[in-house]
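One chain, chain A, links the two complexes that follow: it is found with chain B in the first and with chain C in the second.
Up next is the complex of A and B:
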């Protein structure tokens, strides 16, 4: 067995992907995480700290980190940036207009962060099941996503409560990351 | 914990400042006739501030900042006009030495990564038809006309925003609310039936809110009394003098019927309510936060039923209503 074979085998064993879920408070980050993981979503409290879930997905091991979005703990987000392969930014599509400005500012400041430079960016336009929800196109416009040239990005309208489109989004982010990291396989 | 948050903020602010300064310096260096001594001075000042900042700066940021400054000082030395070597070459050859311009490779990386300027989309949003707004009013009784709860599904509920009210009684009992945003309310009493989604309270003072919901977040508020039934832990941030109690279900009668609880998918059993486990994001230590208390059982009962009575009263005399509003606020929610 050559060295290359040994290395390849080692690498195949641990196809790990680290995903960070961020967004303003009340966006539905924890609900998305629990929904994907198949847990009960009826008694979720606002996150004080963070949640981690590890799940197997299409042959990859996803380490998903969901960090609380309250204003007073947003300054701790930077502690989770290291080695992030994918960033999932969650937006409450039915939010107040003034909060979209906050949301845009927070997202664009994240994108200047050096440690997130290589990460794929998935934007979940969550809560599409609510009657007042904006469409993903409208949200892309509000957040000025077109201006993002530093990251691969994609916006997906979804609903964590009904589970719609969550897997579409996760598929995109995992595929995009694996193309980048595991392109040799 | 507050101190830690400050340190984090300070570190972030320091990094941002330093990055800005570095960008400015690389830009200056990129210009053809840059004042090198000035750049050098600014660089040494930045270096000094970095040394001072090592006290609170995390190791990663220290390395990152040092690397940024190193790049600049490298650029400064490589971009320096090459001192003419003393030789006995002829005059002609000497004059042909090109004036040292900034080397191409010294172009700042950061500038290349900046997105091209783009026109911002118009910030104005068309008002959403499904979102209700109640705002800018004072000294009055507000009760939106009932909306028929036909299918009683959460998908038919709408978001309600209540903002900028002073000294008002607001009854949302007849509405089927999806999410409730309360902002800038002063001396108000608000009563609402079971809500399937969340309630966000921002910058409210001296109010009584009777709330039943899935999630509750309160920011920047002072002096609230909140009889509450909630499916998850309520959280508060930058608040003080908050009082929580039990939701007066009995007094609410039909408005808080089991059917309405079920429509909002909330367990109607008072024991299932998490209103006693308030989490204060500004008090991460062990032990009771000084920013909130639980009401005594007498108080929570009185507060809930009186607020309810106000919200459902058919009193025509506005003065009497305002008087009882003042009395209620003074008794329960003045900090």
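Up next is the complex of A and C:
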């Protein structure tokens, strides 16, 4: 399975890492999580709470938390910030134009959170398979990623439906986390 | 000599049990460590076991409907309802990675700290212990947790021993809300050829 391969890269020091997947509702968070785990993605409904994967590989542990993005749930996101090593922000690249302002505001507000201060940030410009999808460069502009000085970040265009670039993105975030932890001591 | 009914009640059944208590267990418990009605917090909706390499579902139970009336739950069941006896094909012992998925609903008040500890035994000896902290659970939420773990490679002799010892593979699952035991389930496992 793809994710286990990524996990193999972890060095002895980081026995347990925690990744938090957030983004507006309908962005494709749960589909991405299921896809990288080799699960069926045809019957996914909106997440009304959390959806966790714990991967245990030779004593290395990867915990991935996907929390629902509906407006009524977003106020609970802060309960899941503690000990987050990597934040994955998922964007529906073919979303209605008026939703990008909301998407940008939510992301930038997360970046001011003290408990997320040390986290590596991966932005998935998802749904690249859709004809109306904006490119990752366009998404980067809309979300004003250049202004981010506080976090290591990377944007990756992907599709949860075709699976394109999902492992590339996860690989970046796991590698960035490992490097950072390694440099700390 | 007469024995009053209350003298029969063991302290374990009433005193609250903490995570530290069960982490000390080195064999399966003889009885359930909390009453069924201690659980006013969560309701299991689904449980599934899959072989990760082939994504094949080995075992699945689903609650028929998601409608839960939190004010009128039937918590009067007998202890048999808290025990599951699994029979798996022996091929199960050769899987490299297994995923167990739990889907559960949370009461309208939510939970500030939810934790699960599961102890697995073979022939009375502790083989593996899982300890997972969910932490906060959103009021009225439905949550999914899949734990994917790689199985230690077993040699043919060990496999044979496990097949030939039905019901010697046992587990205790403990669920805590704010460090107080609210649910205790048991399982036994046998492997059929």
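Convention: the second predicted complex is superposed on the first by the 163 of 185 C-alpha atoms of A that agree within 3 Å, B and C clash if a C-alpha of one lies under 4 Å from a C-alpha of the other, contacts with A are read in each partner's own complex, and residues count from 1 in each chain.
Here, contacts are C-beta pairs under 8 Å (C-beta built on N, C-alpha and C of every residue); 3 or more make two chains touch, one makes a residue touch a chain.
Worth saying up front: this structure is predicted, and the values here are computed from it rather than measured.
Participant: Quick one: classify A:142 as touching chain B (first), chain C (second), both or neither.
Facilitator: After superposition on chain A, A:142 lies in contact with chain B alone.
Participant: By the touch definition at the top of the document, which applies to A:48: first (chain B), second (chain C), both, or neither?
Facilitator: both
Participant: Thinking of the overlay built on chain A, is A:57 touched by chain B (first), by chain C (second), by both, or by neither?
Facilitator: Second partner only.
Participant: I'd like to know which partner A:76 touches here: chain B for first, chain C for second, both or neither.
Facilitator: After superposition on chain A, A:76 lies in contact with both partners, chain B and chain C.
Participant: Looking at chain A, which partner touches more of its residues: chain C or chain B?
Facilitator: B
Participant: Residues on chain A in contact with chain B in one complex and with chain C in the other?
Facilitator: 48, 73, 76, 82
Participant: For a test of understanding, state which residues of chain A touch chain C in their complex under the given definition.
Facilitator: Going by the criterion above, the answer is residues 1, 4, 37-40, 48-58, 68, 73, 76, 79-80, 82.
Participant: If you look only at chain B, which of its residues touch chain A in the complex?
Facilitator: So the residues of chain B touching chain A come out as 5, 8-9, 12, 60, 64, 113, 115-116, 118, 120-121, 123, 125, 128, 130-131, 154-159, 161, 178-179, 181, 197-198, 200, 214-215, 217, 219, 231-233, 235, 237-238, 265, 274, 279, 281-282, 284.
Participant: If you look only at chain A, which of its residues touch chain B in the complex?
Facilitator: Of all residues in chain A, those touching chain B are 25-26, 42-46, 48, 70-73, 75-76, 78, 82, 94, 96-97, 100-101, 114-115, 129-132, 134, 141-142, 144, 146-150, 161.
Participant: Tell me, which parts of chain C touch chain A in their complex?
Facilitator: 52-53, 55, 97, 99, 106, 132, 134-138, 140-150
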